[in-house]
Amino acid sequence: MPAKPSRPKMPGLIGGLGVTLKTMLRPAVTVQYPHEREAPTPRARGVIALKEENCTVCMLCARQCPDWCIYIEGHKEQRPPRREGGRPRSVSVLDRFDIDYALCMYCGICVEVCPFDALFWSPEYEYSEFQISNLLHDKVKLGEWMETVPEAEPLEVGAESKGKK
Amino acid sequence: MAAIPTLALNLGWGTTLAIKTIVILMIIPLGAIILGYVFLLKMMSHMQSRLGPMDPGGFHGWYQLVGDGLKFLQKEDIMPAESDRRVFAAAPAVVVMSTFLVFLVIPMGPDLVVKNLDVGVFYALAVSSLSVIGVLMAGWASANKFALLGALRAAAQLIAYELPLLLAVVGVVIQAGTMSLQGIVLNQQHGSIFGWNGIGEPFILTQFIGFALFLVASQAELTQTPFDMPVAESELVSGYMVEYTGFRFLFFFIGEFGTAFAFAAIAATLFLGGWAIPGLHGDLANILGPFVLFAKLMFVAFLMFWVRFTYPRLREDQLQALAWKFLIPLGLANVLLTGVFKVAL
Amino acid sequence: MSTTLPPADGYAVDRSALRHLADAQVAVELDTGDMILNLGPQHPATHGTLRIVVRLDGERVVTADPVIGYMHRGYEKLTEFRTYPQITTLVNRIDWLSSFANEVPFMDAAERLMSIEAPPRAKYIRTILTELSRIATFLLFLGEMGLQVGALTPAFYGFRDREYVLNLIEAATGGRFHPNFNRIGGIKDDLPWGWIAECRSTMKVVFDACDDFEDLVLGNEIFEARTRGIGIIPDHVGASYGVSGSNLRASGVDWDLRRDGPPYLVYPDLDFRVWTHPDGDSYSRYWVRLQETREAARMVLQCLDAIPSGPVMAKVPRIIKVPEGEIWVETENPLGQMGYYLISKGATGPFRVKIRSASFSNVSIVPWLLRGVYVPDVITILASLYFILGDIDR
């Protein structure tokens, strides 16, 4: 026979009643959304924010996305040289950066592979829409999400790397 | 209720009858709503660590069941194509009717009883088993094999548990010496425990086996967990009510909770003393009696629903074995012991 | 059609009867005393879209035939055209209740082919998260098996206590259900500040929850009457059908890949007990999973005490290409033994991944197991086997 648990047990039927009574007398754990809200953890993958000035249109995020939900268009422009006598620099300018949240799997591969730290996670989750086409967030809206991106939080004792969002 | 004459108002026979009818008709839905809200919506929720309805009506969702009832009323009346239409329509009415009839004999005060029958207990038990016919009618008329199977199972269960119910009540009748419910209440009010009559003599003290039997049997009569195999929700089909929608389903629902109300009232009357507290007589008893009965009834209902929300359900054969092999011998032993003590002491 | 029981070495299903059961609805056909019942794809008792075609003789089951594939998402085909990080994301969704545990054997396979070993801190964190997902999925099982047997309340306790574990996983990985935290060479991030203390207090909640389930469900005489002696899997039959995990251990087979298989993660350094039960019925399956939940909580506490400091990512090239080779890695997932057979041809993604999922083999015993049982016991048995449809169909 298997080992019996070490605590003494009352007849099972009575013990079960005790559990429900005990739970009834304690406060309920319900958070009454939308009157109350729980704050998600800072790392929660709610929505992706875009810092446009960092983006160089390298297309790594769009390529690595498992769902191909990022749509990027850009063009090259010539900028004047930084110093006298230099040659004009060509700069990639971002025309269109859309993320289709109807397809997005919230995996975070795009945020991770971006070499220029242009994409950030934000724990904001209340952006559901009545029309599914409104779930395509363009670069303006993605820029607005930057305000909700939390600060890099400290890491646990024993970690070596610096905190990274 | 002939309450009004003792309060120095003289009403005619017709007015009294009208008042009695209205009160009886209202008491079932009201009782069902109160029990449903307090126990099903709020107590169950808190036992499950959640809050239950909070928004409808503003204050802790008191309006939820009323809104549900109104919603059911405006639904389309669908009948299966092959069903027996008249039987299908009549079945919920039969089930609810038996509940209404039980309330005719439950006393709520010294004069607040619709009809103080001398065989009140016998009448109450007989009438409450009318619902079995309603269940069978529902199952048969649904033209659905699963509904029929569920109805047959339910009928077998209900009939099997009539006997423990009866035997539990017989013990009380022997101790009280009368079958009239009003007489049983008065007996408990004027009784005494070893000479001390502070709380009268509630029969639960001597008839504790009977009380337990009555609770278990009424749990089964209401097809509540742990005896809810006929209406098992996570099982294959939901039993004899499967083809019922809208208003007819509302009838079944009211019937279930109204019957719970009725059984709790009977248990409170038989075992806890009903409307009576020692020292409460006359006009004061007529005013406070219903509230006292209500409090005791809610306590009994609390026990019933507490068990309902905690235990898993028994399989059909285990359920029948429990009734025939355990509860009925226990009930018979209870009757024997009560008889011996009543005669010997 | 005959009403005799099928031969003892397997089951026989009358295919002509199945041909006109095309739709997923509760269809009943009376057939000279046999009734065919469709526990259709939409059903509260099957955990997802599983269809079991049951032929009844009165209240007893004559044959039962599970029809799977309603949730087939083509994982093995998807992996042919994805890179390793992308596959890690997808693979979370095979067994969605213990999602971290699905990534572990896949990452192990890729790392072994690359001859890279994750640093010790990463291994400890992987072990902690695997055991946390084991706790999460078992808490749900403990609750919802009570629900299938008829008690409404344990299901809510299961979900409520699982929330604490999911919040922990979210604090570390960013996702409650789909962590996507493993990377070749380690894990994505280190733990946030304060996580270890919160993990310890959550394990206290888990222990309390297990005690509650013991009182409310396991000790309940009605539950015992419903589950003892129901759905007995003899050990040799279970092993021959490929049943694994807690189902096999509940039949008395002392086999746990964390202890008996090739070493992976930090299980060789942990001190844990493998729980078995000699009976093999539904009660013992519940009992074993309850004890394993407690054991998993103890393992998490051990890991938290022993976690070393250091990096969480080994040195890996920027563009990861796994060298050519084939490898088979199997781990003890909460549902059973899960394995990945990885064939790589040196590209950024695998050439072929074959996924051996535990529930697929666990469900294969259903036709053998359901012969001759009563109809309510069908629900109990299916609940006690604890399969997840995503795991069966992939």
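Observations
A, B and C are the chain letters, set down in written order, and residue numbers restart from 1 in every chain.
Operating definition for what follows: a contact is a pair of C-beta atoms (placed from the backbone, for glycine too) under 8 Å apart; a residue touches a chain by one contact, two chains touch by 3 or more.
All values derive from a computational prediction rather than experimental measurement.
Of all chains shown, the one whose average CA position lies nearest the global CA mean is C. In this structure, the chain pairs A-B and B-C differ in their number of contacting C-beta pairs, and the larger number is found at B-C.
Mean C-alpha position of chain A lies 27 Å from that of chain C. Averaging Cα coordinates per chain places chain A and chain B 54 Å apart.
Put simply, the C-alpha centre of chain B and that of chain C have 44 angstrom between them.
Under the contact definition stated at the top, the residues of chain B that touch 2 or more other chains are 47-50, 309-311. For chain A, residues touching at least two other chains, in rising order: 13, 16, 19-20, 23, 29.
Taken residue by residue, chain C touches two or more other chains at 153, 157, 160, 216-217, 220, 222-223, whereas all remaining positions touch fewer. Those residues of chain C that touch chain A in the shared complex are 82-83, 85-86, 89-90, 121, 153, 157, 160, 163, 167, 170-175, 178, 180, 188-196, 211-212, 214-224, 275-278, 284, 287, 307-313. By the touch rule above, chain A contacts chain C in their complex via residues 1-2, 5, 7, 9, 11-13, 15-16, 18-20, 23, 29, 40-45, 64, 66, 105-109, 112-113, 121, 153-161, 164. Across the interface of their complex, chain B is touched by residues 26, 28, 30, 35, 37, 39, 44-45, 146-153, 156-157, 160, 216-217, 220, 222-223, 225-226, 374-377, 379 of chain C. Partner chain C is touched in their complex by these residues of chain B: 44, 47-50, 145-146, 225-226, 228-229, 232-237, 309-318. For chain A in complex with chain B, the touching residues are 13, 16-17, 19-21, 23-24, 26, 28-30, 32.
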